[in-house]
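Two complexes follow with subunit A in common, the first pairing it with subunit B and the second with subunit C.
After this line comes the complex of A and B, so read on.
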């Protein structure tokens, strides 16, 4: 090892190498290994406190992050690499009458242009394959891609994209999820209904529960669309080589799913698709499926050169998945002392133009909609509907934060109306050890009450003004 | 094309670039210094922060030509050959870097602050980092790290004593 490094001249050693080398040889203060992390498994048995809490750990990759040595996709360059841009529809609902890419193709430096007709299987999606890679016929939201261009520089690709002419025939549009549920509403994926997934959970007898209640509280709660805004935009490099093998570097959290989707859209055997998941500069659920990757692959095939695509911040907002806006109707029957006897919940999720991870979000939201509370009589129903908006998908919590906002807001309303302390009313209803969830699951390691009491003590609940 | 001569991390570099070239493009594409990140390209996120003549700037909003004859410090120049900058050390130790994409910009904004104001208050730290967005950490650990680094730069002994007091163990 020592002899080997001696032969390297200083110039030839990259900064990162020098520093790593320096760790051992030059007494660089190394990443501090936590000295007191116990040897015992950090995963606790039910009812045990994990030993990991309170320990300081250092991420193994943070040294390079801090040195600027981590290579994200946009930091990689392949020989002969081209840069791609995607032409967005810019209109929420329309039929494409004509696409003319000739002016874009004529721009010097443009090496390939593709549209929907170039895509072998133009649909993908983690649950339903309802999303096209590039739209050929019906535009369903303004961020839909219509054509993709690869050019020798990013500027030339951007200029060429502007020269693509698309003739649209505007179609009716629906933006409000409640309106989209109506029978007469414009069908975004005609002939299918706009309601594309639903779930109902029933427990006990809500009518009886409401009849026994002293007070009934009703409220509607709504949440807004949220974009993940990872600091690193979606980025990928596709290299379709002369042996018809495809290598894709992508900022995707679900590599196998992406590989399957690529194989499907491109009609390649999976064995010919190599997907390299690089270090991701923030995901938060927004990088859990393919987006531009099949288009980059086909551009690479057409141009015979590797193609990089990096979304602009605008692309991020208009064309990648977001958090579902929810419309949540809660009806809760309680006794005078604040015990919940019955609850009905109706959730309408604004699903945007395509399904993405909506079905997963819907299921989790529906199950968690009654909160960590013992409710004998419950109906929880949830619907996700298409609208002509940016599609909604996975985002941290998969629907849990939205319903939590609703049931906790209503809990505060109930506490206030009944004159009960907000902590107390929660303690009276909260799950304990062995509680049964709305779907019949027996719950263990339940510490809702303990957590609440500890939190109340720590944030000085008793001392509040 | 415009000729630009700029001292980057202490080395004089030259490039001939189209007039619209930003400092960010110059650093990333011409000089292969990819530690400076492109997050939004419109000056909102701060991922491209570098230090020009002692001042933290968004490299995506500054033209390469404007840096002619000036000193630019990028993340690649923050550590010396054998020593991390105190900010890099504390960011690493205190979990202030998660996905790491905002890290280079955040570190350089913090450095510009500490060079100007060696003992900043929490408010001053938050103010100095207001132009650097992070979606992972929630900022608390970043602000704590900058406080730690300030302490460390004052006296390494005070830093160690503080570490011991805060965490009840020697973090060396």
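After this line comes the complex of A and C, so read on.
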């Protein structure tokens, strides 16, 4: 019975929303023509022209999705196509002493095997080119690829990968970001420091702000590493043709950058690389850069046949980017009536073995760390450090979910300690139109307070005595 | 005993890259039958961007969304685009498409001005017609205009344009600057039940009020928010990649990496906060990433409200929070309703196993 009620409520809410939005947006333009010619507005206004914006238009891909007719990489086959598998290091920090691929090459059906020495420029990355396509020397996390095999079937490729022998000399490793920051820590990209990017935002005078505060709240918050888990794993097909022109079909959200990276790693003129972005079966930031594509291209060149690579779920976890774990220290000074006078934030991001989109994540997190609140006196500093773990990179929210967890947890602690309603304390501090952001930017179209009041009304939030 | 709690979290989030140039370019071709083809270098990654971009082109041309066909994601045939990243597609690619459509429309207007014997400034495109402002009965169909432009006047109505959000570099010492062109804002409020004996957390409902500027397609905005909340619930309560002491992953599979399924979803009530950003296409900003930003914070505040436990380390699982429970021995943990039997995997005391 309870479940029935729940379902009905949900339906009622959904229908209500639908009708409300539909009513707002589907109003027909006024039928009576104006007497005078209207002045051209500076910007086109929705609803004043043919109805397109604001409509609940059906997606052009929905029918194909619904009928199972969408063609993802795994649905595509080219004549003579081979299947690739990548051998992973399986050790977090080591020097490769020897790689023996002869047993793999001898497996019937194996058409090509490549290692680091086959790659013209063995590095890539959107900010720093610190990531090898296949590792030839130093292994920096257990998911590093060491060799790639192309065979006539996926099973043969998997079998051949198992026959590759790698001799390692283990190296020291560091897994904790705070430990990796220390001077004596093992340097993952020697001779460089493990701290590979930092950012600071200073505004006002925090010492003065804390001195004027009635109460000071301090806390440390930490978050974990998570995966994007798209339904479709990383997948691509590379076809290196007889004219030395490379076509790659890939499930990737950024084809312009991917083509540039491919051309660079393969030392091909960009005009010889065509990248076709197929329908992506979930991205969430995880498919914003190349991964196995250069290896597939070189296997195709070597074998003279198109090569497909589809990551297993395990490959997806151990070798692709993930969300940064954060260690966040917040210190906030407030008045008795809950106004924030000063805040210092220190963020340490666990960057994993390679940079990927860490510098961008760091920047966004550092800027957003103080929350949508007016704070006159602020220091926000952020560091990202290498560790011998799966690399972290772009993921939906780019550092914002982590800092939001910290600043909003502390906001509730402050509200509770001061006896102020959680909605009210946010309204007192929230940005309004024209508010100045931590970076000194004047903000426009700001609706923090409106969103607080709308959500509170929808939820049925009532102040407790 | 189950204890109920409520928690609020709000957020701000930027649209587009941090300072770095992130342009998009687009080509809009109006066909002889009055439909249009848009070439864009972005890629549909499941979020419905092609539907939204088609609506933007249609609005700019005065035709219906179904009249627009998009060709996307090919470095040989489509113009450059920085890509489906940073919640920028609607805002940046949308702005490029508006401008490209305006350029194509300018050619149509020149032709239509001759056909209707009025000045170009007197014209507007609407309802698949080009008409004289204020006198809609005085009109020609866009298809006829496009055909005449191409076949008689030799000027095919094709427009191209690019757009890059204006930013100002940040000072390296103080961080002062204009890193983003615009931001969106949102609040989510969660209601949870926490079993104070088992520590099980059940997220009952979430009210989500999001700003995205003009919602180009409210249905897709709601879809993004609901999907984001699912991801936020996993981040708050369930998901965690575990490493052993040697730095190897212990749960690189969907048996032991617990994430929300449809059965874990609470009731979600989405409100799109009325807003208009004059810098966006028809007032639009974006919604992709912001949808999950406040979810975990709201849930953790609701747990705190329910049982007085301030969890400072995500995810809020039992091993993570027993020590933080006011010494009362209460445990807070989340349970996937579909995978309760696999919970044991999460209780292994390896969470901090990566630190030697």
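Please note the rule applied: the second predicted complex is superposed on the first by the 407 of 465 C-alpha atoms of A that agree within 3 Å, B and C clash if a C-alpha of one lies under 4 Å from a C-alpha of the other, contacts with A are read in each partner's own complex, and residues count from 1 in each chain.
By our rule, a contact is a pair of C-beta atoms (placed from the backbone, for glycine too) under 8 Å apart; a residue touches a chain by one contact, two chains touch by 3 or more.
No experiment lies behind these values; they were computed from the predicted model shown.
Chemist: Regarding the shared-chain residue A:412, is it in contact with subunit B (first), subunit C (second), both, or neither?
Modeler: Second partner only, subunit C.
Chemist: Between subunit B (first) and subunit C (second), which does A:256 come into contact with in this model arrangement: first, second, both, or neither?
Modeler: A:256 sits against subunit C, while subunit B stays out of touch.
Chemist: In the overlaid three-chain picture, which partner chain does A:439 touch, first (subunit B) or second (subunit C), both, or neither?
Modeler: Touch status of A:439: second partner only.
Chemist: Under the stated touch criterion, which partner chain does A:354 make contact with: subunit B (first), subunit C (second), both, or neither?
Modeler: A:354 sits against neither subunit B nor subunit C.
Chemist: If we overlay the two complexes on their shared chain A, which of subunit B and subunit C does A:278 touch? Say first, second, both or neither.
Modeler: After superposing on A, A:278 lies in contact with subunit C but is clear of subunit B.
Chemist: Based on the superposed arrangement, let me know which partner A:390 touches: subunit B (first), subunit C (second), both, or neither?
Modeler: The second partner, subunit C, only.
Chemist: If you stack the two complexes on chain A, which partner ends up touching A:61: first (subunit B), second (subunit C), both, or neither?
Modeler: So A:61 meets both subunit B and subunit C here.
Chemist: By residue count, is subunit A touched more by subunit B or by subunit C?
Modeler: C
Chemist: Is A:69 in contact with subunit B, with subunit C, with both, or with neither (first, second, both, neither)?
Modeler: A:69: touches subunit B, not subunit C.
Chemist: Taking the superposition as given, does A:229 touch the first partner, subunit B, the second, subunit C, both, or neither?
Modeler: Both partners.
Chemist: Mind sorting out which residues of subunit A both subunit B and subunit C touch, each in its own complex?
Modeler: Of subunit A, residues 29, 35-36, 56-59, 61, 229, 279-284, 313 contact subunit B in one complex and subunit C in the other.
Chemist: Which subunit B residues qualify as touching subunit A in the complex?
Modeler: The touching residues are 28, 33-42, 44-45, 47, 74-76, 78-79, 81-84, 87-89, 91-95, 97-104, 107, 133-136, 167, 169-172.
Chemist: For subunit A, which residues count as touching subunit B in their complex?
Modeler: Touching subunit B: residues 15, 18-19, 22, 26-29, 31-32, 35-36, 56-59, 61-72, 74-75, 228-233, 279-284, 310, 312-313 of subunit A.
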